[in-house]
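The structures come next, written out as structure tokens.
Across the two complexes that follow, chain A remains constant while its partner is chain B and subsequently chain C.
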Partner chain A sequence: MTTAAGKPPPTEYRSGWTRGSIKLARVIGSVLVTMLGLLFITFIIGRVMPIDPVISVVGERATKEVYDAAYQEMGLDKPVLVQFFYYLSDVVRGDFGTSYLNGRPVADEIRRVFPATLELATIGTLIGIIFGVPLGMIAAVKRDSWIDQVARVVALVGYSMPIFWLGLVGLLVFYGILGWVGGPGRVGIFYVDIVPPVTGMILIDSALDGQWEIFWDAVSHIVLPASILGYYSLAYISRMTRSFMLEQLNAEYVTTARVKGLSEWTVIWRHAFGNIKVQLITVIALSYAGLLEGSVLTEIIFSWPGIGSYITTALLSADMNAVLGGTVVVGLVFVCLNVLSDLLYSFFDPRAK
Partner chain B sequence: MRRFKFVASKFALTNPQRRKIFGKITTGALATCVAAPLLLALPTQQAIGATPSNMLVVAQRIDDITTLDPAQSFEFSGSDVIRNVYGKLVNSNPADLNAGYEADLAESWEVSEDGKTITFTMRDGVTFHSGNPVTAEDAEFSLRRAITLEKTPSFILTQFGFTKDNIEETIKAEGNKLSITTDQKYATSFVLNCLTAAIGSIVDKKTVMANEVDGDLGNGWLLDNTAGSGAYKVVSWKPVESVTLQANDDFYKGAPAMKRVIIRHVQESATQRLLLEKGDIDVARDLNPEDVAGARENDNIKIHDELRGRLMYVSMNQKHPQLSNPKVREAIKYLIDYQGMQDSFLKGQYTIHQNFLPRTYLGAIDDQPYSLNIEKARALLEEAGVGEFEIEAGVREAQDRIEIAQTLQNAMAQVGITMKITVGTAKQILTRYRARELDFYVGAWGPDYPDPQTNAGTFAYNPDNSDEAKATGLLAYRNAWDPGALGAQTEAAVIEPDVDKRRAMYEAIQREFLKTSPFAIMFQKIEQAGMQKSVSNLVLGGAITAVSYWPVTK
Partner chain C sequence: MNLLEVDNLHVQFPTRSGTFDAVRGVSFSLGRERLGIVGESGSGKSLTGRAILRLIKPPGIVTADKISLEGENLLDLSERQMRKVRGQRISMVMQDPKFSLNPVMRVGEQIVEAYSQHTRASRKEAKAKAIEMLEAVSIRDSERVFRAYPHEMSGGMGQRIMIAMMLIPNPQILIADEPTSALDVSVQTQVLSIMDRLVQERGMGLVFISHDLNLVSAFCDRVLIMYGGRVVETCRADQLYNAKHPYTQGLLNSLPRLDTPVNRLQVLQRDDAWMTDNPQLDDKPDDLTQPHISKTDAETP
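Our next item is the complex of A and B:
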């Protein structure tokens, strides 16, 4: 979606504004097409699955009349395409329907679970960036040294260790044995439901409310799962940083810079790093999007009521409205991050200006 | 690769200097990596060790709760909440579950001479959480409402002939008396047992009707609000997250000792055990056998065993050419390694039980004629003359059931039966089971209400076995089995007024069922809850009801 070098306007009448709006229209158009495709495919999969959504609503002992009434009420007697358009017109109005499982509006449920994932994924990604980027840089600069080997092992372990195992062992050591961090859940049991939800992210809400005791309790609960997710993204980010850097360090302009007598620090941070920023943004955005999807296993181990476990529970109980709603939100997150990284490209990439 | 050695600029760092800086960064980064979780956690003031003495914290999987409306809820965790929130006309006593029903919001009752009308006298001076008094009118409203709403559990009441159209005559309040009239004479024990189920909960008419929307009788509001007179009221229910209960200090049996009960959804057994051992929770409801064994080692924790109503069984579809042969059915009952499974992967969680009434139910028998006997099975199959054949078994993706299926698959392979196992989600497998498409099913069954009819009426009763009948709620139907005379005997047992005779009838039905049915019932559930030693009087509900929090002390 990125436009690397904007062509000069073909005519002098086409102002910057027009160009901007064409670009904007193109972005919005591609977002809409992507979302429509995603919705359609998910909807069709949901409809062809060998499950009966009517039974989820009326229960298996319902009489035939009750069953038929619900069948018609849910619009299941209509052709699939018609059903899809009904659904689409609801979604456009922000109505994802009600959950078959607990009778609540899916939109409300997602508003409740998504901030939990957002909070966890953001801190996890920050940890991944803060430690992953320098680690990858050092590994590249000190290629084949012991530091590079350590970085390789760290990344390999991060890649290959099953996350549920890491989570359980982490819990056992840091919570169970050492007692340094809070246990599963977002806050301790005494703090549940005390902070009024504003953003739904407990760290922010408690800070807004001036409830520092709760804030620190929430910190102690988020540290471990966020570190584990952070480690996972650190592994990925550091490996990618390393290979991007190596590519740059081998480039001729780096040699030139060194010959020019620039300090090694300037060569590495200003020249080489300056050139990998754009690629790094893609990597970080992808890893962030991956975490925002909700890491089901981490959420389960840490009893973290996020969107990953929400979609999984919905899927297992054939709660298709909830599954569709969750998928749309996850898809939207991906698309938004994509657009955001495009914007960042043009910010960091002088050619795109 | 060699790096450039010549550094011209005077600002440049020499190699050792560079190494030093990078060394510092590296050490710093690594140290922070390790220490970050630890350092960040330092400023916490977490009270590790114990929950407050008047608060009970329970870890439990509560993702099955769909609603808190007692006229609609039909799930285990939902019943656990509702039992503590609502009073009923008659109720089971946690101190003596085997006694069956006893007076609750009704102080006493009388049965008319024709045996069709039961008249309850309401208890005086009981109030709802709202402060409104509990009256016969509320009881009338609650029962009529449950029938009118026609939600899943309404069959527990409608099986007595109550319909939307006749409730005006059949369920009537007069002063402090409520009378209910059934369509025919039923065993009084049957009617009263059914009224102890969640659907018999008495809701606060005024409060509920004040929150009615579009004639829904408050169904939408009661989804996540409560209007009861029981020991607790619900403060909040967050799906797949938590349920918080607050004690009702005006509870007519006395204020509960636990002022707050918090039920937290914790999916993983290992996580539940960790929380329990750290003292952050008082009770862990879903420990697997490994974690039960592990928690037992801890001196502060006790394991509480309670026999529940759930049964594990396998069943054979009678549409299958070979499985419909009585000799083949019997042979398969000899191919099940009951003892081996009980002692290995089901250890502590299930106990052998071979009939459809769970132990502690009226009429339950403990006969166990079957055990693994490959030779006998082979001989029976030879007698049947069916040769080698293939069957498809449907199994939900639950570890214990898959292992049961595999154990059976092994045994069957030894006698020339090839079992293909199809694993799927609950919905996928159940949909095919209901549609009578599975040859063989490995499943579980939980009784719906605390009367023997609940299981007799599904395992041994199927009045119309045709595909058109679509009686998909009946297990006998799902297996295309016509129970013949057992059906009539089941019908007779529900109207037998004499409790001893009734018991004998169920015993006779089960002895015949054991021999001829296409069901091999294998195990009855034992629930093992881990709890702090300080917790006493927590009763999970046995085979007949749900958990009771009000007698709990710490």
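Our next item is the complex of A and C:
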């Protein structure tokens, strides 16, 4: 329509579109490259491990013919690059092979354990944000006051307390002695496998199913492990918030805001906090990603069937398909969180556009 | 009655090697006039402005015999009362717009905020007022600027945005810290005439901080010359070229002048004696150890 007038299309319109698609292409490209690199590494590791994949399929007492047939069927006689493409196409179709341990598809197992970790990590991170950010803010605003000292000690304890100790003591006090929370596991033993798994996250599934009794039982089970993970993430988030805030509070624009006669609350939350959002997103994404890897110790102590304990168990029994499948999923989660935090970054920081 | 009276203002910063006296006994009064403050970099001009608004951050220490706004001593006010003074009664154009505007907030938002803090205006009224103000400081595409972010603005635009933002609540006193240093002459003239009009019509008091002696002598009514944290000389702006203090004369002699061209500009000479204006005190031993601290607040008239 613009060509009729003999003029080029308005530049702003055009560049907005191109910039958007370039950005999208770049994001997708970087995800693909990263994932390809990760898959290549897991593939190589799978090859160089001193574990014969054929034997783990056919068993140690198989005859030579059976062995060779399986060897060819698995494509192990093909060139390595071809094998890599087989591997790639399997992974893309969501096929991580079968577990040597129990013969079940690894993908199914991951689909079962990952939601458990996701549920725990999400609630843990929420706790970390809800308490960590305000704590860091107060510590920065009231720098060197007793509140700042308390916040420092709280974070230090969070960093340095061994998690298994914290978990055991927590279980002893709140479950054993006080009986305020549920014990190990995701729900009480009577409720196991009652709600149909939709998302695999028991809080959501039980709510969807209207099973409120199970929902509250699940809440009482997740409170303690989520609080412990939340405490860890709180320690990190509050420290980072504090240091970001201190930097902003010294900035000139904060003085400008005060010159206008704004209240301290507005100065802090509207102005200074507005400027740390971006950095905070990165920190939160990092800590969330850390929890999504599955915190092995927490999962073991609380008998939480998550991806951390799944990968660890697989590793200890040399179940390579399970280990590599789990690694790929964790890697994918990492990459996705990175992309998400990048997108939020450009959303919150006008200078990044 | 004077709008503002500052008496024996001190600003100190504790450092590892003792206290650093950045402002040392500044006293002046401001009527409904244009008062210029000149002085070299680091002479304490900006800190004086901030101290009046009580915006020196800890660990900085501000002391004064009084800082009174229409007879009311600002030092006695609570922080809450002080917030009613800031913006509405005394406002300050901050020196460097590059750092003084919030980078993640739209320009318009920041101006509107300065206005609505002290009025009960609706958002729409506030926006209209902000646009009007942006046009008043000769920003042509005010709608675009309103929606822009500070990093999209040039230095001169930033300064004008700053001025608009600080004039919008109609303050009785405006402290303008080098408000026009990045503006070209025609825009500078326009911006100055806005401030001038506010002084003439509304009886605003203007503290105009600048490095530009020529500008100050042409634009202001009176001039304070600061050196090393103190006022070394106060004079009528049109008499600036007859100033007596050796520092002022040095400053003037190092300016290029059209009427009496010289081959070589003079290099400014400094004298430690200007740091204290009561020479007898210098002989006291405790003052020798701490040469920066002077116990007098006397000011050269």
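Simple rule for what comes next: the second predicted complex is superposed on the first by the 297 of 353 C-alpha atoms of A that agree within 3 Å, B and C clash if a C-alpha of one lies under 4 Å from a C-alpha of the other, contacts with A are read in each partner's own complex, and residues count from 1 in each chain.
Everything below uses one rule, namely that a residue touches a chain if its C-beta (ideal position, glycine included) is under 8 Å from a C-beta of that chain, and two chains touch if they have at least 3 such contacts.
Predicted, not measured: the structure shown is a model, and the values here were computed from it.
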{"item": "Which of chain B and chain C A:Asp349 touches, first, second, both or neither", "value": "second"}
{"item": "Which superposed partner A:Gly274 touches (first chain B, second chain C, both, neither)", "value": "second"}
{"item": "Touching partner for A:Met201 - first (chain B), second (chain C), both, neither", "value": "neither"}
{"item": "Touched partner set for A:Ser220, first chain B, second chain C, both or neither", "value": "first"}
{"item": "Which of chain B and chain C A:Ile301 touches, first, second, both or neither", "value": "first"}
{"item": "Comparison of chain B and chain C by chain A residues contacted", "value": "B"}
{"item": "Touching partner for A:Gly261 - first (chain B), second (chain C), both, neither", "value": "both"}
{"item": "First, second, both or neither for A:Glu252, with chain B first and chain C second", "value": "second"}
{"item": "Chain B versus chain C as contact partner of A:Val106, first or second or both or neither", "value": "neither"}
{"item": "Touching both chain B and chain C, residues of chain A", "value": "250, 255, 258-259, 261-264"}
{"item": "Residues of chain B that touch chain A when the two form their complex", "value": "1, 4, 7-9, 11-13, 18, 22, 25-26, 29-30, 32-33, 36-38, 40-48, 51-52, 57, 63, 65-67, 74, 150-153, 155, 220, 223-224, 235-236, 238-242, 244, 262, 264-268, 270-271, 274-275, 277-278, 280-281, 425-428, 430-432, 434, 470, 472-473"}
{"item": "Residues of chain A defined as touching chain C within the complex", "value": "250-253, 255-264, 270-271, 274-275, 277-278, 348-351"}
{"item": "Complex interface listing, chain A residues touching chain B", "value": "49-52, 55-56, 58-64, 66, 99, 101-104, 109, 112, 127, 131, 134-135, 138, 141-143, 147, 150, 154, 168, 170-172, 174-176, 178-185, 188-190, 192-193, 213, 216-217, 219-220, 223-224, 227, 234, 250, 255, 258-259, 261-265, 300-303, 305, 309-310, 313, 315-318"}
{"item": "Touching residues (chain side chain C, partner chain A) in the complex", "value": "50, 53, 55, 57, 79, 83-88, 91-92, 94, 96, 99-105, 113-114, 117-118, 149, 151, 162, 165-166, 169"}
